[in-house]
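One chain, chain A, links the two complexes that follow: it is found with chain B in the first and with chain C in the second.
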Partner chain A sequence: MDAVPNWFRGLYETTGYNFTVFYDPYDWDRYVNGLKTTLLLAVTTILASIVIGAVGALLQGGPSRFLRGLVNGFVVVFCNTPPLVQIFFFYFGLGTLLPATQTADGLRVPLLDNVQWAIVALALFAGAFNVEIFRSGIEAVPRTTVEAAESLGYTRLKAYLYVVLPLALRVCLPALNNNLINLLKTTTLAYAIAVPETLYAVKQIWSESQNVLEMMIVLLATYAVLVGVLVWLMHRWERALRIPGYSR
Partner chain B sequence: MTPLPSTAGDLPVLLPFRVSRTRARFTLGPVRAWLLGAWLAGLVLVMPALAQGPDAVLSPLQVILRWAPLLLTGFAFNVAISLVAMLLGTGAGVGLGLALVSEGPILRRVAWGLTQFFRNVPWLVLLFFVMFLVPFQVTVFGLRVPLPDWIKATVGFALPVMANVAEIVRGAVRSVPATQWEAAESLAFTRRQTLFRIILPQCLKRMLPPWMNVYALIAMATVQASIVGVTEMLTLTAQVHAAEGGRPELFAPLYGFALLCFFLYCYPIDRLTARLERRFETA
Partner chain C sequence: MRKPTSTFLGAGLLAAATVLSASLATAADGLEAIKQRGTLIVGVKADYRPFGFRDPSGAIIGLEPDLAADVAKRLGVKLELVPVVSSNRIEFLQQGKVDLLIATLSDKPERRRVVQAIDPQYYSDFVNVMLPKKAGITDWAQLKGKPLCATSGAWYNKDVARTYGAEIVAFDGSEKPLFALKQGNCLGYVYDQSMLQGKLLDADWKADYGLPLKGILDAPWMMAVALGNGALQGLLETTTKEWMKSGFIVEEEKKWGIEPTEYSKAMHEKYKNATN
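Up next is the complex of A and B:
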């Protein structure tokens, strides 16, 4: 069980490469907690952004001019402004405007903490791109298919849920794939509002243990693995959803 | 060598290859976009002012008007960083992209590895990488050249640009029909001549929209430099907020102003990209 820590301790003594995370339990704990926070951010924002994308695309194709305009405005604003400024705007700007409670010691307890604000901001940012992606997928569904569903008595919502969205999803999966990978990489921005995710934890470790290069390598390897796992999952999903004969 | 003008009687093979658009857009004209921007500005500036009451020191709008020159200087700095990063990244990216389509298997493998690496690492991590692992000065032939942090940040942004541009070049070269290569070969062009005088001129048009997309992304990413200590718009915004007494109700208007600046800069680029994509699609 001690083989790994001992090996890395030995590596430090012989070569000077100080991978503290692998033999110092304190650093290891921080690293694992950071990884957990990154996973929490990634999973929740991915799910939320897919829901935002699907709902937004539904509203965008809907009959209400007001809702269409609202969704269009949302997409345009969130796609064309920096995600970091969005996070700051939400966390500092809106976070201070919302009502807050106080603890017995008089400390201000905001309605949403920094992790929750990061989730909200990142989900909206990626959701705006997902609306566009889903919309392009929906446009690829033949008009006749929708008409066929209507003639079978589907309501607009039911036709969207059971006919249009499943087909559109298959068309737009590659683009969705790209955007979700981008979202996973964007979770590092939560660092700026002190969310203790991987980058934050690793930065703490390297400032205390003076091993910037080693921790950089660990950090890069971590994100390489995370992106790799997401790509693998998305490809599996793509394969599982494939309908024989229905693909370009 | 210019591409042949296409006529109505062309065989399908001779028609330009069509790259399908992945991101469909809706129409929101420039006028309405600016109106939307103005409306947002009003929302951001006026709402907190209304919530604030009459005995305020300085209304958010006044604060922004007072500090706008400084904040806009910061914004200009962001734009400058993005332009330099784009220039460096494009230069390196075209080279890397050509390596990606080269004949040599080793060169191609190495270029592929580099591209994948720089595309898949989070930009902020890459920025940290450059900021911490590049020395603050280098000695060239006994001459000490200082490297200020903004130059390092620019290089940090140029690296992902390089990888993305390389992918764009590769995609554009691959999208030219193989018959073009064969035709050039049969006309006794060398590989180099084929690439530079036949293939790449056709690619330029195709590469422009995605290239502009990358530019918009990098322009928006430059604010990340504030995290690693470069004084740009977001840093200045925080300083302005502190200078105005750190009133919490000023956060939303100040960051809203930053959002607005980037929106008014990036949205026209986005529209232009969409328009070019549409035009090239039907051409």
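Up next is the complex of A and C:
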């Protein structure tokens, strides 16, 4: 399997286009580990933000004014501030304030490391937008349908789970997909707190080998492929959820 | 009646010629101009403790201003220090705003093409790791598998990671790695030894942190004068050798609170017994 590295080495020698990531094993390892971390971040934040969105939308329509205020406050804070600022705040700000443990030598060990803080920050950020997206779906469910569920004896929670949410999900799925695609791309912000994801790995490679253009091309192609896969999965999901006769 | 235009033209040309010859004189006849002027103008850093920084009264002090003072003394002229930064120091020298640069200037081939370097190089910076004293690290090999904060883009990050197996956690700039280090997100901060030595002079860091390891990957610093300045260059070369012979630089390092580097000690040894 030396054909690929040799071809790229040859490309460098003949044209000067230096794709070190394909022929240098150290760079290749860093790049692949970066990809794995990006996938880890993407999967965990997507799942967490969907849960946060669903729970938040449920509380938003509930009877308790306190809970409604809480959810709205959360949405305002996380929608109105830039995600990079949120990431810095969690890692550098909250990281110092929260209690920490100590190693055997007495060195401070923070409660959450940078990958965990990145997941928390990104999940909350995308979750806030998801609350509004789920709300749009929930409000699209006709009031009459909800009344019918109530008259059949469903509790509020059960009606939400079995009647409202399935219909709301199908309505808001395109908007939700948009947000999740944005979330996948927003995971690149984690590089600012040294999370070893794809952008961080590629940045290290190009600052050492001075092949900025080539690595930028690799980076753009990588994200184009990742987002393309996500979009394909989302479309499959949309098709699987389609109710015959309910939409176009 | 004389035409006014030709008078102005003549006056203008004369003025231009005077100014041009004056500025050419500053750059080319360096040593003579300095002696005539009675002042040696040296470009130094004002924000790089302890090599060049400001004291509470605003005066620039440090290891490099002291070296500049010594050169001025040898020439028998007064000293004027001009603060410079990395992005303008070479331009100041080329434009004749300073006669001499002693401003933490790393020796690079591109720089040698535009300024006259003074050999032997007067100092050398190393790469080192600022570690907490509690960690008890005494050898580079103990860093294997440990996370080290670093500044993104530094030329030595990859070397340190590959040679010693440390895990580099890189941030942009040199503020964020220090925050992360304080919080315990990494074991130490790998950076230029001279900068770390300066940081350790602060009360904040002095108590709990230190540089227990020996510096690696040395990168020499050079003094510089404008190209074509043969007389001044010759004088500075002799001066540098005399500094190394007498151990002046080693004394200065101790004076400003930094551990004398291998380079300074080695150069002192080499020139101590030399006859030229």
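As a convention for this text, the second predicted complex is superposed on the first by the 247 of 248 C-alpha atoms of A that agree within 3 Å, B and C clash if a C-alpha of one lies under 4 Å from a C-alpha of the other, contacts with A are read in each partner's own complex, and residues count from 1 in each chain.
By definition in this document, contacts are C-beta pairs under 8 Å (C-beta built on N, C-alpha and C of every residue); 3 or more make two chains touch, one makes a residue touch a chain.
If you're wondering where the values come from, they're calculated on a predicted model, not measured in any experiment.
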Touched partner set for A:E208, first chain B, second chain C, both or neither: second
Partner chain(s) touched by A:N114 [first = chain B, second = chain C, both, neither]: second
First (chain B), second (chain C), both or neither touched by A:A192: both
Comparison of chain B and chain C by chain A residues contacted: B
Touching partner for A:F92 - first (chain B), second (chain C), both, neither: both
First (chain B), second (chain C), both or neither touched by A:A100: second
Partner chain in contact with A:Y200 - chain B first, chain C second, else both or neither: second
Partner chain(s) touched by A:T20 [first = chain B, second = chain C, both, neither]: neither
Touched partner set for A:N80, first chain B, second chain C, both or neither: first
Overlapping contact positions on chain A, where the chain C interface meets the chain B interface: 92, 96, 192, 203
Interfacial residue positions of chain B with respect to chain A in the complex: 21-26, 28, 33, 36, 40, 48, 51, 120-125, 128-129, 132-133, 216, 220-224, 226-227, 234, 248-249, 251-256, 258-259, 262-263, 266-267, 270
Partner chain A, residues of chain C touching it in the complex: 132, 134-136, 149, 152-153, 155, 157-158, 162, 168-172, 176, 179-180, 182-185, 187
Residues of chain A that touch chain C when the two form their complex: 26, 92, 95-96, 100, 105-110, 113-114, 192-194, 200, 203-204, 207-208
Chain A - residues contacting chain B, complex: 60, 72-73, 76-77, 79-86, 88-89, 92-94, 96-97, 132-133, 135-136, 139, 174-175, 181, 185-189, 191-192, 199, 203, 212-213, 216, 219-220, 223-224, 227
